[in-house]
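Report on the following structure.
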């Protein structure tokens, strides 16, 4: 049964098929995750229920899906969210980043680097590390829960704002909680900075969003290290999806080739906008960014955990004094809108068309892992070619390690 | 005999109480009012229609651990809280007085009750109120202290030693007011002869009103949960993954639930919603009256205000009255 | 304040298997006064609590017997326990059979299934004080011969009173014939076998909810007034002390006013049977 | 001997597994069981016999159909994890739509290459011993079932509507504000996060035993359009009994 061949410790079902013939590598990233056809069944739904539904695309990173949908719907319906609402959204993203990165680093990636079988063994051998992960994730979850009403699949964020706002006291408490995990995040960075990553490099194009001010988070233009700098709503002109018969996920290309989104892309592009502690850590890091080694994505995630924790503290502290009740703006037009946010795994694009009754009539979603697929295949080809002499088992392990470093999310990418 | 309290002195009273107690008071949340812990007097809503949940939320919490199951032994978890309710309406205070009758020997209830302070306040009856019918519109010593509105100001009545203490802390001059009886008086939308109706429930057991109302009832249990006097409970043992660590909890139940009267083998003594719905009334207006002499209803009107299906207990009762 | 919900720890002295789903647990108690028909709340920490009738008779000292059928959480967990293990008990609760009123009278017991458990307590008490009572009759029905409780006492009972047994079916639970030679039919069919008048006797009934109506009909046919009939009722029950409301039947509580009710009273109470 | 546990995911968002990881008792769980097959958590996975197998997600492909049958053969207890497994989940909205049109909308000319089975709830495919409902499951619910199994209690069904969770939190009622809420007929135990967050309950945990469907629909019709009622019940548990009919348009 194919089930047993799926790459373990990643979200969703995919396998790496490869063959070496006459010194040439043939490799395919086969994604077998079932298609749930979100884009299709979201048509006909009310705009205010769509964000909750689209968050169901992914249980690991529901917040970005929720918020990308809201941003797109707001753009389509002519709703301008308040500054306060945007701050809360950035706080949600920061919280999501923190717990998703902790999940990937400790629960999915750590076992490989520590040379054990899985999370149970990590716990048996390094209980402290698992407890640290639990502490970090608890606070990350708390952040989403306080604002969104529930840790997995936020319940109350809707176009225009929130069905119910958190209280100042909750914000104060949240800031304190995030401060409480600062050390754990730094420890995580130290742990991941001490690991030995496979040596491999391949130059590629890195993409993230830019709002002109913040380290990538909620909304912005699409920018790359190769000079792309366009409005998000123009994404279709640059990013193309292609169907490959062996995969339910569509593969993305940017101007005809693979590109990379995610923690490493964000750090490569915007390391100057990191918060102070994260910036200092980066300076002390044995690995220098920008880096073209995809394995360094794990370290980039560890740095981001520190950065987003700092960000969460800042926003929560500010809102603890100035949070106030406000009216939610209403729909003013019917059109098509695009929303972009940074998910833990990279830039996420949602696009919806809404009619005058507030019913969604069209949807298109481009998911970070989907954007990375072509790049992953290209990297797999390169790394297998570079190590072609090694035994098959070792190649398989290396390929999976590389795949996992991307922190892929296949249920997302297929949706 | 009451003592005059200037409006601005209310804050002092609140602060005095806050020094000794965890103060629970009505506050506005969105369009609704709720009872919550309050630290700052300015948050207290002195003039409010009714809160969603009554004081029961704090006296008989939704889920209360009663024993810790520690390595296979039962360890009592007696609560140690000093709660003061500030600005409860007369009906809600009297509801606690009626709960006292049931839980006189319940160690968890009593642990809270003995240390509790209840400060009542005048209300403006709303459309759904019928405390006069239930006899809960009269000041009793369920209140330690009652604040009767007097124009802009208040007249304070202390009913217990605890109440007297706070009133005397506040009181400066000899200005007393000669009021002998404190009760809430208003024109009830529908006056009900509760005791006669209560007797009729068993006499006229198959009155069509049960069937008719049950058809509209959602069995959502909202009415029983918001009622200050519904106190049915369930007891559950929980463990925390490992079997030898856990707790026995008591949590709210509702006689409207299908599972309420089901026994082993699946036999259910109140299988029809009609029977379950009727049971609320039987207990409130017959059983409880037989046991304690008063109905287990103070006419606070919550079950009417918060029923999503728009069912009005007064209408049901009046149909039973047989006029 | 004494905690009315706090059970005390008691040792299981002996476990005897009665049928495939019923066992008798002998539980050590000291200074425990009760009368037949009363029940205890039995706890297993971390599992839960259940009301169980005392099946032994007050003249047996130092222990109580609980006859328990395995039906759910607590009862299943109890069935996994052995002599030497501990359970927790509080009680006794409820009011038992009114022997003062019954004294000197004939008694007809009608038991169905697990209903034998509380009746046995009363029966053995009565047989122990035989001179205080008149003629004793026991009508006992179970689903199959394998479901009969207290078979080891049948001989004794047969000697000391008029003891009649019937089964619904002579097939074993697995469908095979059991070799049963006795009566077949529901418990009410036994009334026809009584060749003496029970008009002036006291009727005592305990069994599954469906049974009561039919037994009462038989008693009435025999001319017994309703006030001579006593029923032991079962209800969902949580606290045992009249607070939780689960066992409330209109204006009565099974835990405080029962579980034994006089039928003249109970029939005024809708939903009682 | 630690119980042998397997966790499988089919097509879904894996949010329920995340809710497991979110448990404050995760260390006790990791220390208390042996994961024999847990693709998300470890490299080496075996097909020993499992004491308990948790199955998350919906059966959308024929490979998954084959997989769940194999899981059943290997497991003493099968527990359906989350509303995708229990009731088809959000993806089974497709059951009510033209699937070919849907595939074409998403995959264009390659639509035929995508497999999409009519989604049946897991209990309609294999025998399921318990269901842990919810989209996502409530972490406390998972802890409760695992605690029950460890302690030797029989996991109990909740017999309470979501309204009870909702009122326990002291929330104002959505229905009274004129918002269509499935709370009165929905299986409770979730802690009512949705009404607590100011949103109506979408009934993600399926119907309560003995729901007062007629009364609920009568009420909903007064405050919501027919389309809105259909949408409410055709959301996270579309294939649950009763909801299936309402979501299918039988009002």
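Should a chain be cited, it is by its letter among A, B, C and D, assigned in written order, with residues numbered from 1 in that chain.
Here, a residue touches a chain if its C-beta (ideal position, glycine included) is under 8 Å from a C-beta of that chain, and two chains touch if they have at least 3 such contacts.
Keep in mind the model is a prediction, meaning the values are calculated, not measured.
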Touching both subunit C and subunit D: give me those chains, sorted by label. B
Chain closest to the middle, measuring from C-alpha centroids that were averaged per chain: D
Centre-to-centre on C-alpha atoms, which chain is most distant from subunit B? A
Starting from the mean Cα coordinates of subunit B and subunit C, work out the distance between those two points in Å. 39
How many angstrom between the C-alpha centroids of subunit C and subunit A? 65
Intercentroid distance (Cα basis), subunit B paired with subunit A, Å: 49
Subunit B and subunit D: spacing of chain centres that average the CA atoms, whole Å: 37
For subunit D, give me the residues that contact two or more of the other chains. 151-153
For subunit A, residue numbers touching 2 or more other chains are none
Show the residues in subunit B shared as contacts by 2 or more other chains, in ascending order. 237, 239, 243, 246
Chain contact graph, described as a line, ring, star, complete graph or other shape: other
Touching residues of subunit D toward subunit A in the complex: what are they? 9-19, 21-22, 24, 26-27, 30-31, 34-35, 38-45, 58, 60-61, 63-64, 66-67, 70, 89-91, 93-94, 97, 99, 101-103, 105-108, 110, 113-116, 135-136, 193-194, 196-199, 202, 228, 231, 235-236
Contacts from subunit A onto subunit D in the complex sit at residues 1-4, 6, 8-13, 32-37, 39-41, 43, 45-46, 49, 52-53, 56-60, 62, 103, 107-108, 111-112, 117-121, 123-124, 127, 130-131, 134, 137-138, 141, 148-156, 158, 162-164, 243, 245, 248, 250, 411
Which stretch or stretches of subunit B touch subunit C in the complex? 66-67, 69, 72-74, 76, 102-103, 105-107, 110-111, 202, 205, 231-237, 239, 243-244, 246, 248, 253, 255, 260-265, 267, 269-270, 275, 279, 282-283, 286-287, 290-291
Can you list the residues on subunit C that touch subunit D in the complex? 46-48, 72-73, 76-77, 80
Taking the complex as given, what residues does subunit D use to touch subunit C? 151-154, 156
